[in-house]
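As structure tokens, the structure follows; a few thoughts come after it.
As written, the chain order gives the labels A, B, C and D, with residue 1 at the start of each chain.
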Amino acid sequence: MVALVLTTVASWGIYALLGIGIVLVYRTSRVLNIASGEMAIFIGYVAATSIQYGLPFPVAVLFSMGAATVLGFVIFWFAIRGVMGEPPHVGLMITVGIAVILNGLMIVLFGGGMIAIPAGLPAFTTIGQVQLPTPDVVATIGAWFSIAVIAVIYRLTNLGLQMRAVAERVTLSAQRGLNVDRTVALSWIVGLLAAGLAGVLHGERSFVALSASAIGISALISCLIGGMDSLKGVVIAALIVAAAETLTARYIDPRYVLIAPVAILLVILIVRPWGLFGTVEEIRRV
Amino acid sequence: MTALLEVEGLEVVYGHVIRAIQGISFSVGEGKIVGLVGLNGAGKTTTVRAISGFLPTENVRITDGRIRFAGQSIARLRPYQAARLGIAFVPERDKVFDTLTVRENLEVALTATTLRGDEPGRCRRYRSIKDILDLFEALARRADQLSVFLSGGERQMLAIGACLLTAPRLLIVDEASLGLAPIMRRQVLDMLAQLNREFGLTVLIVDQDVGGVLSIADHGYILENGRVVFAGSREHLLQHGDVKEFYLGQKEDRERGYRDVKQYRRVRRWH
Amino acid sequence: MSINMNTQRIPSSLPTSRGRTIALRRGRAQWLTVLLGALALLLLPGVASVFWVHLANVSLIAVIAAVALNILTGNARLVSLGQAAFLGIGAFTAGILQRAYDVPFPVALAAAAVAGGIAGFFIALLSLRLRVLYVAVTTLVLHFTVTTIFSFVQAVFLDSSGIILPLPSLGILILKTPTQWYYFLVVVAAIVVLGALNLLRSFIGRRWTAVGEHDLAAEALGVPVAKAKLSVFAVTSAVVAFAGALSAYYVGTFSFETYNLGLAIAYLAMIIVGGVGSVLGSVLGAVFITLLPHVLDQMFLLLDLKIRANVLAGIHQITFGAMIVGFLLFEPRGLAELWRRFSAAAADWPFRYRSVDRGNR
Amino acid sequence: MDCILEIEDLSLSFGGLQVLRNVRLDVLRGKVTALIGPNGAGKTALLNCVSGIYAPQAGQISFDGDNIIGWSPERVARAGVARSFQNLELFPSLSVLENLLVARDQHFRGTALGAAIFFGPARRRELLEREKVERVIDFFELWPLRHVRAHDLPYGQQKIVGFARAMAADPKLLLLDEPGSGLTRDEKEDLARFILRLRFDWEVSILWIEHDLQMVSDLADRVHVLNAGECIASGTPNEVKQVPAVISAYVGDEAIAVPPKKSHAAAI
């Protein structure tokens, strides 16, 4: 029972982190990132491979975060920058292309097999009377710490204010002297860092593999259930998705985990198409 | 007397085939108000977009000509770089951030622009949010409200206020009067004239209301089909027979009403 | 000194024949192009090897499905990531009917189309209140739901290794060799392409485009928006499912693993590379994307590079992705636009630009 | 008097924002009725209520004897109300001709299959509607623009096409949302000519939002003035101009602040 709760909490953190990355880049660049799962697993592979080459876990994480920064910048600079201001479906299809490229790269560069990311810690942590699997604990702590950092940046700093300005009107922000490319690039880098960390933590809990990019779908579903314009909504919706998946896997069949969140999403789309915490305007705009 | 902004032989091609601007030249003198006026599709908006650096991002290319601002070529600058040189721009629509509060709107302008050096001629009168809120009392009352609730006039104030915070050398106002009631139109123009008078702020007004613009501008350029067809000082343009007939709707000093259907069919002349 | 005659107010040519202006093709040059194209299509099996005829067949099936997807995504602006699911619905409907009742080939095809249409109708019903991005995600959700159902159905009711279909026959004609298939598919694809062109110049096509571009304006003009969305989804999905059944019969066997997200993305790549919202573009894109991996393989063979099969799959994916991103960035209107610009430049030559005050067209 | 449209006690609010407050106005059959008022007075919201896009909280809108409150935009349009939009809601990738034909959508019958075959009745209907649209093209002098994509037209022509598209639906009541805004004197004169000819030759009833007071007083038979969601005056243009509330509403509340007179030259 405790294990079940912890599994839910850990995947909740991972989905929320990934979802926040999606919402962040969606708000600044109006691009719905369908490739977030691939991005996460790609960075996960970087971490896994560098551990295979002998780097210790913390260094490998740092190294993969560096890779995420570079990847975020490259994706923004070479793909997203050109479609800013285009109708929303163009950005969506660009990320579809990016997902395919990343998938191909994972096969070519890393072989596409299953690799674990061992943290090199004992298998169980004992807190008080309870024994908990360490990987889940690490994933939970890592995810929630990062979510807190991102929230602070977004709400309290100038960068956050500029991101919110760009999120609303790109042209006007530039006319006010704001370097839009830089702001959006930063938001993509933050998005990629979030995604990458989610991928690494996911790998640390179980393993990275091509099929693991399905976490991106779960995160996307969380975003839609929560509403695309609300960070709070995503975090709450991620809990719903994580719980639904864990319960399906435990009591029905692990092969059909995606069915439960999909069913919830369908209900939400019928009753409240703009998401639990989204605003109605949001849906009129897209 | 040097020109602050100089455009020479500007040529712009849209979508590979259509030549929207066919060699426009004009200049804006330091401390003057200059009007760029003309029909829709005459190329006004394209011209100001070229100045503020927005063209290369679209399917539009500048194929010829020079744009110089304070002696420096700016044709290849990106929008934010142009803004940081002191070119402030009040766009035609979408001029404020609806989802931010009034105060945050001004804050964005303040954080976005780093004031550079001591270039002369930058209007440094307004440095803090408080200065702007003092200037526009209507805004001060709603400082912490979302700007989506502002009226048309208040939005215009907020936009101009945010521009003033960026210490502008040149204020470009695109279609200040569009969608505003006549009295508001007058007030916006008067306010621009006053900013110019009091602080020597250089203003470029882009508009279609020739009469309104010429009432405050020192110089005017009238565009048609991507070319400058009339140019000159206010007095010159106001007395020019063709300008009177085709842009001000007066003929032989008589206002022409919209009911004189007979007069509507005619051949438009150039020069 | 120049004098503008203000030509816009003067009718420079009154319409003499209104039929002419709704005709699909105008002028002899265009008829000639069509005739030459048709001739080339007819002669292809005579000059190409069996392998290339096979590829032509695969392309023709892709053309049918891509034309439909392009109407949905390009004209009605409903981005669909559920293409693979609809193809699969067609294949599974035909397969199950074949297996259970041994229905003849044409009946199976018709049933596949009906099943696809019904599925499309329900997806449209779900997405009536949604906007572009949400529709895309709804179709993505559909994809996962339907493929899960496929795997379940296949494992429980059919062979888990794959379903084998018999050789199809049309009356006395049995479709066996690639060449026989080729002529059959050319006719079917031509009918679909013509039908699409006709639809797009009729009130139905205008309605779909109008609703896709400004649903509120369309509604205020009296266009039944819900009906338009439902019908575009139903009609195009029916055609896609039909193509799915055709493809299953052509290959002779199918399995749920065929209908993965990669297939849906390949179809998106087709319409993007070919040209969004253009029938010609769908045809060009379908052929291009179908041939691309084979051309790549041939190239590697020529260069004598030994590449492991799974790395090769990776390279194919990277090329697909790069095509999608590249065309969206640099030529969003695709091969069709390149073709149009080429012919326009040829017509305007030696002038490089057209003037602003363009004359009567 | 014979009214084609009567609005009584109409109220509309979004969230806490009261957009229309007990508005009462009417449109005379075969006459040009103008609706003026400062920005944010609720003019477009009123039009949206009439065409069924917004659902007002209270009030009655009767069009030609039917209460059309609660009707869908599509149903209102089919009943004979056509409108143009302020922000040029043309269909950008369709040609001018196709844009106008979309407005005739309600006269088409048939299935997608028939349209795909495009032979027999489908083709005949297409040609028939084409003839009707040609009349509108003649009227608005759009001859050279038939096959130009709406996206490629200059702004002024897009406005005229938007107007023409509304007329192509052959409406009993035409709603025009600021057709003149952003047009030049020259283009406005064209617009004036079209409005006058519609009123006298085609005998269409028009409800017309406009900012240009000169144009309104020259062309309109009747004017309603809206301010802050309330109808503050109705009458002929000359009567309305005399009403003190109108003068203060049009001039007053929204005044923009002007920088203080003191010289700040030293601060530059």
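Observations, loosely collected:
Basically, contacts are C-beta pairs under 8 Å (C-beta built on N, C-alpha and C of every residue); 3 or more make two chains touch, one makes a residue touch a chain.
Bear in mind that the values here come from a model prediction, so they are computed numbers and not experimental data.
Counting hops only between chains that touch, chain A reaches chain D in a minimum of 2. Seen from the C-alpha centroid of chain C, the farthest chain centroid is that of B. More contacting C-beta pairs link the chains of A-C than the other of the two pairs A-B and A-C. With centres defined as mean CA coordinates, chain B is found 43 Å away from chain A. Averaging Cα coordinates per chain places chain B and chain D 29 Å apart.
A straight line joining the Cα centres of chain A and chain C is 33 Å long. With centres set at the average Cα position, the gap from chain B to chain C is 47 Å.
Among all residues of chain A, none touch two or more other chains. Counting partner chains per residue, chain C has residues 9, 358 touching two or more of them. The multi-chain contact residues of chain D, meaning those touching 2 or more other chains, do not exist; every residue touches at most one other chain. On the chain A side of its complex with chain B, the touching residues are 85, 158, 161-162, 164-165, 167-169, 171-181.
On chain B, the positions that touch chain A within their shared complex are 52, 54, 57, 78-80, 83-84, 88-89, 91, 94-100, 104, 107-109, 111-113, 162-163, 166.
Chain C contributes residues 73, 77, 79, 81, 126-127, 129-134, 136-138, 140-141, 144-145, 148, 151, 262, 265, 268-269, 272, 310-311, 313-325, 328-330, 332 to its touches with chain A in the complex. Residues 7-9, 11-15, 18-19, 21-22, 195-196, 198-199, 201-207, 209-210, 213-214, 216-225, 231, 235, 277, 358-361 of chain C are the ones touching chain D in the complex. Residues 51-53, 72-74, 76-78, 82-83, 85, 89-94, 97-98, 101-106, 108, 110, 112, 115-118, 122, 125-127, 129-131, 134, 141, 143-144, 146-148, 165-166, 169 of chain D are the ones that touch chain C when the two sit in their complex.
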